[in-house]
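Have a look at the structure that comes next, please.
Labels run A, B, C and D following the written order; every chain starts at residue 1.
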Amino acid sequence: MRLLFIGDVVGRAGRSIISAELPKLRAEWGLDFVIVNGENAAGGFGITEAVCDEFLAAGADCVTLGNHAFDQRDALVFIARQPRLIRPVNYPRGTPGRGANLIEAASGARVLVVNVLGRVFMDALDDPFAAIERELEACPLGVGCDAAVVDFHAEASSEKQAFGYFVDGRVSLVVGTHTHVPTADCRILAQRTAYMTDAGMTGDYDSVIGMDKEEPVRRFTTKLPTSRFEPASGPATLCGVAVELDGQGLALAVAPVRIGGRLAEARPGFWQGS
Amino acid sequence: MRLLFIGDVVGRAGRSIISAELPKLRAEWGLDFVIVNGENAAGGFGITEAVCDEFLAAGADCVTLGNHAFDQRDALVFIARQPRLIRPVNYPRGTPGRGANLIEAASGARVLVVNVLGRVFMDALDDPFAAIERELEACPLGVGCDAAVVDFHAEASSEKQAFGYFVDGRVSLVVGTHTHVPTADCRILAQRTAYMTDAGMTGDYDSVIGMDKEEPVRRFTTKLPTSRFEPASGPATLCGVAVELDGQGLALAVAPVRIGGRLAEARPGFWQGS
Amino acid sequence: MRLLFIGDVVGRAGRSIISAELPKLRAEWGLDFVIVNGENAAGGFGITEAVCDEFLAAGADCVTLGNHAFDQRDALVFIARQPRLIRPVNYPRGTPGRGANLIEAASGARVLVVNVLGRVFMDALDDPFAAIERELEACPLGVGCDAAVVDFHAEASSEKQAFGYFVDGRVSLVVGTHTHVPTADCRILAQRTAYMTDAGMTGDYDSVIGMDKEEPVRRFTTKLPTSRFEPASGPATLCGVAVELDGQGLALAVAPVRIGGRLAEARPGFWQGS
Amino acid sequence: MRLLFIGDVVGRAGRSIISAELPKLRAEWGLDFVIVNGENAAGGFGITEAVCDEFLAAGADCVTLGNHAFDQRDALVFIARQPRLIRPVNYPRGTPGRGANLIEAASGARVLVVNVLGRVFMDALDDPFAAIERELEACPLGVGCDAAVVDFHAEASSEKQAFGYFVDGRVSLVVGTHTHVPTADCRILAQRTAYMTDAGMTGDYDSVIGMDKEEPVRRFTTKLPTSRFEPASGPATLCGVAVELDGQGLALAVAPVRIGGRLAEARPGFWQGS
């Protein structure tokens, strides 16, 4: 199975490159399943139903979120009717929407997608390790699902790496999101889970984590807000990670994806010319 | 001028690859100046005089530090007699050692090296933006020095990127350290400063940020310490960033460096076969 | 029913005043139930079995803990055989000991004691609000118990106050611990739960939160550790809160208690001369 | 000299009790100098020029601020023309307004007032210890001023207490603000500086730190914002600390002040009936 995960789409710049590139990538690479993190898709903060639909129409099978999940308050409503939109699983009981879902690929394969929030340097939710344990007990890889992907939305590299080992051999891919910078450490762990500390954001990198850089620089130097944060509007880079899975849902190959904009391009060599 | 910056060396595994590879790289790539971040070199925490000397002997011109600068208490003493060992510049007035220094390359070029600590999600020191401003006023690029490198030791990608823009055009390279994960975002900013959010660590990546993974995983799941953190001892990856500078000390080319161990290898194409 | 809660006992100075004063107070005030927070009792960090026994012998019915619960590693063992020692309830599943227990007073009254850790500015555990909800469902005041006391061990005043309102009318007393400073805001909330933001510590107030002041001042000014923290050894103040309950376990009167040492003395007027 | 310091005034409820009580207290107690912390005076967030003038008209000689200093953006402008409004001294160089000022009492006595922000669990500013050192060198007690008061606006009790010892004997009073809860630990330190960990807020205590309690409780339990924070509007308590100074500006007596609202009343016995 061929999986593509795309990191935090930021604002219009990020959405544009999704619309422009994802349909082509889906065809060119013969993708079976695509996940897009959309927590910053609407003006940098949260997601609207229209934007979520746009991602699904462009070729995403599923959209994940993060600490900005509900910045657009409508999401608390429309998430209930959108089973392909996944919010962090460790929000308090009673939070609208799903933190994990089993989604059918076009091929019929069943993919478990879980979105989990880390706790180090973030607003505290319930234990992400206990949360994933529960989800994997309920739906074990190879039994309840054909592939399992965790979008671990977290700040600290230590928590992300520990989380990766914790689920090694039990999920297909653990990919970090939230820092908005792609890491160069994707690899296959000992028990064959694909791992990458952060997918990076999909947006304009001539920015501070996707936002126009003037205001962030001003806030760091003056310690005072002057204006609102606005998404940067230059050419975007689509960032993510590509994984080839075997019949048991474990990783055969993993590679970074970076297309467009200001970062060095990266495409999975194992799917080129295929 | 050819610069190599190597990220946080962790424990014996990290030190071994420095000794094995750095002399070769220095010759092969015709390096003019090498900086090694050594804050985790001694058993994962701090640095000893012997380790610092080992790095200098292997081909480093300069060693930088970070929040672990003085974990080995001896460093408070020997740093006074080692002008090539640079601790964070924004420690309180009266802290032993130097936070910036002008170091002569073998070629005679004068390289300003500054180590700065970020403040987001870290123990608070004084303003890193004001600190670099003072250093650059005292020693402007092209006037007081032929090249200027800032090792910005920080957690948050937002602070690192904002810092990069803040000094764009005024230094040769801003490279982040501290997260122990290499980022895939190195680039040349608009005013020709080379930038990379994190150099990554130099150590065994089959670990949690360089440490044996059992204890970190246990602490995240039990919230209780069971034993001490110990550096992982498997094959290390040397991680860093390579920069080619022009006569004004501004960047002509930048590329990631990853050699050995478990990460995908990366070498600067612009120096291959030269 | 007459309840006395005594805040974080710090080191030998704190233990001495417990031994000297608690037996007298128990008799003089005709106390029915006494709780002592012992998380800093052993050298400032954690608790030993001998110290716990000492508190019970001096007149405590129950000992609570906090973020320092297991600083003395033996506590992970002896807590299993000591039903009167209560650790934070929101530690991960599988943590040794109890986070809540129903303890019989000499009078036969059943007192539910719960220890909960806050999450703001603290290492993240699971939701304290959800945790207390579960405990109160399992053992409602007036049904499963005759009185219920929550030691909410937390840093932020906002979280403590919100927690108080959350359980108002459902417990007898919510008392904060952890800041080591007594607050002057004890009161009876609208539904008759007694509330106090922090009980204060029991120890030497000529100190930094109970510790010799030289090292903390040095760390704040130099940002470097020089030596270990040691409990201050001057005359201690016993700090806490006194509550008179009615037959339903709700508060009739509440008053601060401060005896000995450097703080202005406070004793519950409603029990004087009785 | 008779000094009164009044803690963070929150919203209309807090302002009302200032207007109603301060003129009477000034006369009744024969106050020489009054300081009011006004960082939450305008709707809970920041201060306007009208509110600042209102405090001065009611009998304040000086108004201090905190982390909410510039929540009302106008303050960045009018603070320049209001020498009696003091913002945190450790904001970056170039911040409008003054962080310290020498203010003449009606008696002609010169009172140095300094507002300092702590750094533990707060947005990081520059070193508060170094900042106060500079101010006291520039204007030593007994030489440059007849009295010196520091409003140390900070979260952590450890930082507040360490700060108190750091300036002991060099200022008349160190009083903490920011937690919005009065502490019961006011005392005179060894070198005769009066100290209190927190003055408490001046506002409605049937609230979460001065704000209507529904929204804070909801946010803690749901982890989602539903509406804005609004100041609570019930009867307020005026909270602060009273200090009697000798001819050298050192403390002869210190006592808490709590008037009105839901907290137990406290008035300085040493000024009653005088």
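Assorted remarks:
Note that contacts are C-beta pairs under 8 Å (C-beta built on N, C-alpha and C of every residue); 3 or more make two chains touch, one makes a residue touch a chain.
Being a predicted model, the structure only gives us computed values, none of them experimental.
Interface repeat of A-B: among B-D, C-D or A-C, over half of the contact pairs recur, by residue number, only in C-D. Chain C has its Cα centroid 46 Å from the Cα centroid of chain B. Looking at chain D, residues 92, 125, 127, 130, 221 sit in touch with two or more other chains. Taken as a contact graph, the chains are fully connected, with every chain touching every other chain.
Taken in their complex, chain B has these residues touching chain C: 70, 76, 91-92, 94-95, 123, 125, 221-224. Note for the complex: chain C touches chain A at residues 92-93, 119-120, 124-127, 130. Here chain B touches chain A in the complex through residues 121, 127, 129-130, 155-159, 161-163, 165-166, 179-187, 190, 197-198, 200, 205-209, 213, 216-217, 220-221, 256, 258, 262-264, 266, going by the rule given at the top.
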